[in-house]
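Heads up, the next two complexes both have chain A, just with different partners, chain B and then chain C.
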Partner chain A sequence: MQKKMDKKAQIFDLTKEWIVWIVKAIVFFVVASTIIIIVNIPLSSEFKTDGLRHSLLRQHLIYDENCLAYHNERTYPGIVDIKKFTQANLEKCFSTQNYGIQLTLSADTLNIIKLNEKLNKFEFCFDKKNFYCSNTTYYVLVKDNNMEKQGTLNIAILSLK
Partner chain B sequence: MKKGTEELMFVFSLILISLVLTLAFITFSVAGRGKIEEKVSAISGNEININLLNYLRTKDENNNTLSEIIVYSYYKKDYKNAVLMLENLIKKFHDREKCSIYYINAVSVKNNEKLFEVTSLGKANDAPRISTFMLIPTFDSQDNIKINYVEGCKNE
Partner chain C sequence: MDKKGFDTRTVLWVFYIVLVLIMTYFLYNYIDDLASGEGFNKKYFVNDLGLTFDAISSANGDLEITYSNLEDYDIAFAENFVKIQDEAQVYYFVNDKNFQSFSGNLNLKPQDKLVINKNNNVVSVNAKKDG
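Moving on, here comes the complex of A and B:
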């Protein structure tokens, strides 16, 4: 009888321990999952920098004396030197293969230059799912042989997402 | 320590760890976000600088720049010519399709008095606003004319 009682008590102790371990395991699982989720949130959140990159590229074109900015003793950002608005000069100042650019300078006449034909051989921004496109128009002054003309410069940039 | 208390401590310590981590994550993500947004908007502000700068250095038929006309108007207390020239420039060259909202005003820095303003007539929309300003010096060393420029452009 005593032996039977001892065995019953042993089984009860074992079951109780099992239940405690199950509770521990559940809590551990919940905490571990929470930590994994917390760590993964910033890793999976996407910080889109396409707009920022395009903005910097546009500013590079406008502010840099090696690109479009007029230079006479000092650089004049925003004043476009018409002599610099050539395919050869712009290809030299903008040598990346990851962006397609179309520059449209409209003063007395309309001048269009396309850079990196590989990316912009199609109609600009034809596929907004796979490409990120930006299109910005600036009011510029165009320096042409000591004459200053008013005009607009449209810069359209296309890059792969 | 009793076994029951020990187990309870284990469970509570796990919960505490997860709470501390959550709090740290929230603190860092909230603190970091503001700084990133500030830098992005500062770069966008650089872009409309060019428009304002070029408006101000545009010359009229008498070879006076708009900024010179504004200073001249400041002493005459009559901004009709400056406003007319600015309105014509915006009408001709501003990209209304993308940036339907614009607001330009001139303020005297000395007494914060508004001198003139030119604004778009369109209804206010949700387009994000970018702003910049430039200071035009006057002959009064105590005073400058502050030109504020705001554009509201559609996102691409």
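Moving on, here comes the complex of A and C:
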């Protein structure tokens, strides 16, 4: 009888010890997490440069003589050379796996070029939580042989956040 | 029995102290990194450098950009990214294949200057001693 009582007491002690340990572990993690969170709130920093990046990339497309800008002795930003508005030329001057681009040039006719099909295969900017999107239209002059025509150039850019 | 109990308690206390030391070490490093702004500086520098590369290709004409007041950075340049070695800080820029761009590693010291040069369609990056 005494032996049975001793065994019961031992089991009770063991269980009690385990409970105390679990409580200690919980308190330990709560305190550690609280310290990290408190320290992290005022000191954490995040760069949100997506808007600036997209702006630079649009300028790259419009101002760079290798991309779309008309060049005759000097470069004319704002004048799009229709001969440069080709898939091959734009893929060469704008090689990327991180951005999906759709360019729509509208003058006499409507020309659309998509760069990086991997990011362009979905409906544009279908998921605003995971993608940053920008869509800007510029009034441009389109140089077609010796003619200058009024037109618009829409640049839609999609990038992973 | 008493001796056995005493031993267990001693081991437990040693364990507590070791645990506290380990936690203090990691927490101190973490707070120091945030408070000194070292991680922030690296992140800022990589972003700034990457944005510069994105801007260079849209510039018509030659240019030279000089970075001074640098930290001890080990930077890797590749066709379409710039990163600080041994860190998760990386910036992917758009590659203009008409340009001959710089690829390689640069080990910058605080007294160095980083010079980015665009000459026609060639982009070069060099580390120069300050002064």
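The definition used in the following text is that the second predicted complex is superposed on the first by the 118 of 161 C-alpha atoms of A that agree within 3 Å, B and C clash if a C-alpha of one lies under 4 Å from a C-alpha of the other, contacts with A are read in each partner's own complex, and residues count from 1 in each chain.
Heads up, the rule we're going with is that a residue touches a chain if its C-beta (ideal position, glycine included) is under 8 Å from a C-beta of that chain, and two chains touch if they have at least 3 such contacts.
Here the structure is a predicted model, which means the values were calculated and not measured.
Undergrad: Scan A:Thr86 for contacts with chain B and chain C and give back first, second, both or neither.
TA: A:Thr86 sits against neither chain B nor chain C.
Undergrad: Touch check for A:Ser95: first (chain B), second (chain C), both, or neither?
TA: A:Ser95 contacts chain C only, not chain B.
Undergrad: Can A:Ile35 be said to touch chain B (first), chain C (second), both, or neither?
TA: both
Undergrad: On the A-aligned overlay, A:Leu141 touches which partner chain: chain B = first, chain C = second, or both, or neither?
TA: First partner only.
Undergrad: Go through the superposed model and pick first if A:Leu57 touches only chain B, second if only chain C, both, or neither.
TA: In the superposition, A:Leu57 touches chain C alone.
Undergrad: A:Pro77 contacts which: chain B (first), chain C (second), both, neither?
TA: both
Undergrad: Where does A:Glu65 make contact in the superposed view: on chain B (first), on chain C (second), on both, or on neither?
TA: second
Undergrad: Under the stated touch criterion, which partner chain does A:Thr15 make contact with: chain B (first), chain C (second), both, or neither?
TA: Neither chain B nor chain C is touched by A:Thr15.
Undergrad: Going by the contact definition given at the top, which residues of chain A touch chain B in one complex and chain C in the other?
TA: 35, 47, 52, 56, 59, 62, 77
Undergrad: Mind listing the chain C positions that touch chain A in their complex?
TA: 23, 27, 30-31, 34-35, 40, 43-44, 47, 51, 54-55, 57-60, 80, 92, 94-98, 121
Undergrad: Enumerate the contact residues on chain A facing chain C in the complex.
TA: By the definition above, chain A touches chain C via 32, 35-36, 39-40, 43-45, 47, 49, 52-53, 56-57, 59-60, 62-67, 69, 74-75, 77, 92-99.
Undergrad: Using the touch definition up top, name the residues of chain A that touch chain B in the complex.
TA: Listed in rising order, the residues are 20, 23-24, 27-28, 31, 34-35, 38, 41-42, 47, 51-52, 55-56, 58-59, 62, 77-79, 133-141, 148, 150-152.
Undergrad: For the complex, give me every residue of chain B touching chain A.
TA: Its residues touching chain A are 7, 10-11, 14-15, 17-18, 21-22, 25, 29, 36, 40, 43-44, 46-47, 49-51, 53-55, 57-59, 89, 92-95, 98, 156.
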